[in-house]
Amino acid sequence: MLQTIVSGLEAGSWFALLGLAIVVVMKAADVPNFAMAEMGLVATYVGISMSGTGAPFWLCVLVTLVAGVVIGVVIDVALMRRLSKYGHFPLLLMTIGLSLALNALIGLVWGHAPRSFPAPWSGASVQLGGGVSIGVPQIVTIVVGLVGAVAITLFFRTGTGAQMRAVAENRATARLIGVDAGRLSAIAWGVGGLIAALTVMLQAQSALVSTLSPTSLIIYGFVAATMGAFTSLIGTFVGGLVLGLIQQFVGTYLSTAAQFSVALLVVFLVLVLRPDGFTRSVRLRDV
Amino acid sequence: MSETTRETETTETAVPPAAPVVGTAAIGAGISANAGASSAAQRGSALRKGIVAVAALVLLFAVPFVANAYLVFVVGLTLVYAVSTLGFNLLVGWSGQIGLAHAAMFAVGAYGSAVGIAHGIPFIVTIPLAGIGAALLAVVIGAPAIRLRGFFLAIATLALGMAIVELITFAAPITGGGAGMSVEVFTLPGITGSASTYFVILVVAAIMFFLVRRALIGRFGRTLQAVRDLGQLSGSLGVSPLRYRLVAFGLSGFIAAVAGTLYAQLQTFIFPAMFQMNLLVPMLVMVFVGGAGSLWGPLVGAAFAVVLIELFQDLGDQQAIAYGVLLMVVIAVLPGGLTSLWRTVRDSRLGARLRRAR
Amino acid sequence: MTTTELGTVLEFAGVTKAFGGNSVLTDVTLEVRPGFTGLIGPNGAGKTTCLNCVSGYLQPDSGEVRVAGQDVLGRSPAAVARLGVSRTFQTPRLIPNLTAVENVMVGGGRHHRQGHIAELFGLPGARRDEQEQREKARALLETFGLGEHPDRAANQFPIGSQKIVEVARALLNEPVLVLLDEPAAGLGAEDVDTLVEGLNGWLGEHPGAAVMIIEHDLELITRLCPTAAVLHFGRILLTGPPREVLRDPVVVEAYLGAEVAAGD
Amino acid sequence: MLLEIEDARTGYGGLEVLHGVSLQVAEGEIVTVLGPNGTGKTSLMRLLSGTLPLWSGKIVFDGADLGRLPPNKRARLGLCQLPEGRGIFQTLTVGENLDLGLSARKVSAGAARKDRDEVLEIFPELADRLDQSASSLSGGQQQMLALGRALMSRPRLLLIDELSFGLAPRIVRDLFDVVRRLRESGVTFLIVEQQSAALKVSDRTYILRGGRNELTRDSAELLASDELVTSYLR
Amino acid sequence: GSSGGGSAEAPPGVTQDEIKIGATLPLTGTAAVSGQGLQAGIQIAVKEINDAGGIGGRKLNPILLDDGYTADRVVTNVRRLVSQEKVYSIVAPAGSQGLPGTWQFIAQNKTPVWGPISPADPKQSEVYLLSATRTSQDEVAIDYFAKLGAKRLGVIQQDNDLGVSAKAALAAQLPKHPDMQVVANETTQAGNTEVSSAVNKVVAAKPDAVLLAEDNTSVALILKQLRAQGFTGPVFADQGGAGTGGTSTVGPAGDAAEGFLAGMQADTVSTNNPDVEHWRTLAKASGLPQAESGFSLQTYSFVKAFAELVKRMGSDLSYTNFTKTAEGLKSNPIAVGSIPPIECGPLPDGHTCAVQAGIAKYTGGKWTVALPFTAPV
């Protein structure tokens, strides 16, 4: 039971964090970013390569996070911005293309073999009564996830929040009234990249990552984001954790084969019953 | 594609200005259909179009006589994906609903046909049967889903789609489960296997294209676009948006399943893992690269997805990156998809200058 | 759905509507007869809300709304439209990628005799339907001065013209009741003339129909409407011929501003 | 001259809609642009705010060539636009929409509150709706919000595309007073209008037709001339 | 399509000085690591054979296509190899799940498929299986567990052909070991890297040994988690999932790989078997990615066996003679040395030329033989 909860919270933290990254980009750039997990993976691989040269752990962490920010900003400036005026489809497709290209690029540069991010606490575990042991990386993930979520939420409490939503709703009009849309979307993409890097790095510390892992991670991330109605950071974070727990409990008490589908079905039910996710809804008047 | 944003987005057109153009264009799933080559561009003599269509058909018909089995297979696969994309595009591009159960509907067609044949039903009969079965299933999925919008719809349908594929895996006694099942190939009398499959595909594809085109250029297509762009406001035009959304689900399910039956014939062996994200993503690419909401986009998109991969074979392990990069370039240059090329040129300053020069 | 000469086409009986405690309509009672009726009033008075209560987007908290004697409450917008109610929107809502003509044609669903299946197989009846609708749509656009570019995509029209396309779309359906929400906003003087003539012409051909117009262009109201109702803070202040109504001191104070009344 | 437009051309895609428009606005002036529907008035506004590219010609604002300056930079120069169709952010509250007007300048929280209070004084309808979703406003209220937001940015030159759009006569009247008052405080106006009432507040009027300058007059002169009024206004 | 078949007809892909062979491999996508190894092995063998003057003066010309580990591209590639490239034989293609989709086409064209990498046995005359199927490997592993005294067996399998192979093995072998029982049998979803609840459940059931039917990444992940939760008993995966001899699984698993048991279709890469040593030298020299992995040794051996078979066919390269010669191996097997002897049985059971599997153990960073090649009991 405890084991299940911890595993669920750990996976849930990954989902929640990636969901947050998605929502943050959605907030200011209104792009459903399918390349989010790959972005995090590239950053993490940079960090892993770095640690392969014997660099100290914390430096590698720093490099990973900075790489995440840089990747995010570069993608925004080079690819996304100019497409924003054409609506969602091209943006969405661009992120799909980007995820394919990044994935292939990772394969070329780092190969397809799974890797892990060596941390001082890798492999360490805490023995609890009744033969239950909990990995230290699991605890680290859960704690860092929580701290990260709080930090991001606070960050978006600042005045830029409304400006970001304005940019997301209509970039052109926002610029018209003097909003520096470019700066805001760069911030959003940068923060998004940062969180993605953090997510995948955490995953790589306690599990393994490879060119294969983004596929399932991104789906879970989107599901978490959906639970937060793509707008609420807290809703997303809670949604991610709940999703992690659901799928862990389904695996443990129902069937591991149906884990994924049942978790998604639960989400489906939630959506049908609460069409606006876990957040209070913004009802718009459209007549 | 956040829900809230969706509802109020002032559509931006392919034209730069912050035009507060047409009110809440994107109510449905947040699709400001950038392509919509549908109507304004569709004029022109019906006769000329007819001739082009017949010529294309004749060319396609000749393929097995002039090309080897591999090329026949590639063209056949392109046609199958084109049919499937036709349905996906109807749902996503025309009705504005990002329903992601399409790969699952495709699987239902493939398995429906394969299982049907295994139980003695002639292949040709399984085509409409599987189609109708999938249409019903799609309506069942759609009924709760059509009230959801944008990403909620996407995630909900993704969930149901995955559950369907999972069910196919569970139904091992009938479907062979995760190991898959082989499909008995239909042969036309006197024609070798691959050519025979190809001709069936060609005929079915031609019929599907003809009918879907017919439906979309007329009132039905206009109404779908109204539902997509006006959402519940289309109610004031006497249109029941929910009904049309549901119909779009059913139709796209039908078309996907018909394509699935053909796919099973081509592959001769099917297993559930074929129909998951690894199929869904290319399917989305086909819709968007061709041009969401366009009429010929599905064919162009399918050709892009299939033919390009074949052409890139010689790049070895660099082909995946080449494909991804090319995809990005296409979107960057033609955000409305490949079929928007003509319109982009026509509406550009260069195009205007050329016209004036003429 | 035939309406007897001069019978009531639209009827509000004690309609009340509030949004989260904010009362927007209070006991609105109003009869709309064939011909033009103006609905005027300050910004935020509840005019658009009235329309929304008729066309099925809002359900009043209490009271009744009847179209040609039939209760519309509880009906979906589509069901109301099928009763023969057409409307335009305050901010124009066209389908951006369709041409003007096609946008108008979208409004004609009620009078298609053939189903989608007939259309799919290109049956002669369906073709004829389509052809007829197209011609009617063109004629309507012509009437309202947009005959020049009927095949241009709707999103390329200036906002004023978009409103006119909406008017044409609302009329194609041969409606019993037409609800126009500020059709003349964004139009210049010449275009207002065209609009007035067009509407007059249309009503001449459809004598049983009622047209309710919300408008801040009072000249248009005076030219078109024999009766106008003034809505103020969600209440019907008074009803009568526009010239009289506009002389009422309360209306002048609340709606026109003193100088206008004196001057115009 | 605060704003000088010289022989400007622009259009959509390959379609030219402004075929060389010239226009000047002096500091503290109120200038109106009139013209029939579809003549390119909105396009001119879009050109000035930078949402349409300048194909040829020149736009100089306060001595600086605007060239390809992006819209947000122009707004920071004090060139603010109230766009056609209002451009309200529907997902934001009324208050948030108003505060977005501050994006174009740096301002202390206290000053911002003061500015907001001033705007709310002009539009009391908005005051008790600050926390409401902007989409719930009536058409006219949204127009007020858009104008209020523009005022929050303390523009030097305010471009208004159809001030009276969807507003009740009394409000229009009040707004013209506001325009006059703001001019006193140093704001310059370029107003696109259909209503002749606008002429009453403006100093000079440009009449556009078919994407070209047709006529430039002092507004008073134009109003006085019966012939001009009947052919262009009414 | 054309038929290649009759004895009189000259087979495709053969000229005076060349024999065209082909394979489809997952060079990109999720199985790319394995694919690179498979590719390297083929290239090393071909180079060696050609440098030595080819087979009877004919050099091998390999056409290697990438399928990205997706089914429809496997099918397309095989059609391309047969119809467009007109290869003589398909040699050592990857056994990803798409291959069964080509069997009907192969049957029509009579193209021999020599040594596909661990597919389920199609029992088809054109297909020559040169190594134990996954099922056979699992059977050998179950026997081995029994020998080790394991009574409680935990199983984690994927919901695809891998899982089906494991199921078949359990069904065949459990009755033979009455005191052994499956205490946990979990299925995970292919492509989903979330395996922790399966691991949690298996560990909770306190098994003596664990059998995995999963892909490389999942095996590595599961290994890590099993060890992290304190499970110390034997864990087995087949050659495909274990990447036996290579690093594709044990590399990522890190310390957790210590003591890991893996199916062996070819000898372990680091033995002093002279044939393996010979390959090792060539592999090192080639510098190709994954050249020194077990996948490389496997395809290397298969191509070598192919060359030997063709040599034995003499001047008659017709498909009829191909079948005849292959079936004749029963009495005179091909012994490459790095794989079990190849002795193809005649139809009707298809050409199952090898059923023996070995078990390798990964200890101290090296692969050693734990159980030499044996057939399941």
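Letters are used for the chains, namely A, B, C, D and E, taken in the order the chains are written, and counting of residues starts over at 1 for each.
The criterion applied here is as follows: a contact is a pair of C-beta atoms (placed from the backbone, for glycine too) under 8 Å apart; a residue touches a chain by one contact, two chains touch by 3 or more.
It should be emphasised that the depicted structure is a prediction, and the values quoted were computed from it without experimental measurement.
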Chains contacting each of chain B and chain E, listed by label
A
In how few steps can one go from chain B to chain D if every step must land on a touching chain?
1
Most central chain by CA mean?
B
I'd like to verify one number: the distance from the centre of chain B to the centre of chain C, where each centre is the average of its C-alpha atoms, in whole angstrom.
39
Expressed in whole Å, how far the mean CA point of chain A lies from that of chain C is 48
What whole-number Å value describes the gap between the mean CA coordinates of chain D and chain E?
74
Residues of chain B that touch at least two other chains are 4-5, 7-8, 10-11, 14-21, 24, 32-33, 166, 169, 232-233, 277, 317, 320
Within chain E, the set of residues that touch 2 or more other chains is 28-29, 32, 159, 189, 191
Counting only residues that touch at least two other chains, what does the list for chain C look like?
48, 55, 57, 89, 91, 156, 159
Along chain E, where are the residues that touch chain B in the complex?
1, 27-29, 32, 36, 65-66, 68, 70-73, 75-77, 79-80, 82-84, 97-98, 100-105, 108, 120, 158-161, 163-164, 189-191
Can you list the chain B residues touching chain C in their complex?
11, 13, 15, 19-25, 32-33, 35-36, 38-40, 43, 211, 214-215, 218-220, 222-223, 225-226, 229-230, 232-241, 293
Seen from chain A, its contact residues with chain D in the complex are 162-163, 165-166, 169-170, 172-182, 282-286
Interface residues, chain D side, partner chain C - complex:
12, 35-38, 42, 84-85, 125, 136-141, 143-144, 162, 164-171, 173-174, 194, 233-234
Contact residues on chain A for chain B in the complex?
26, 30, 32, 79, 82-83, 85-90, 92-94, 96-105, 107-108, 165, 168-170, 172-173, 175-176, 215, 219, 222-223, 225-226, 229-231, 257-258, 260-261, 264-265, 267-268, 271-272, 275-277, 282, 284, 286-287
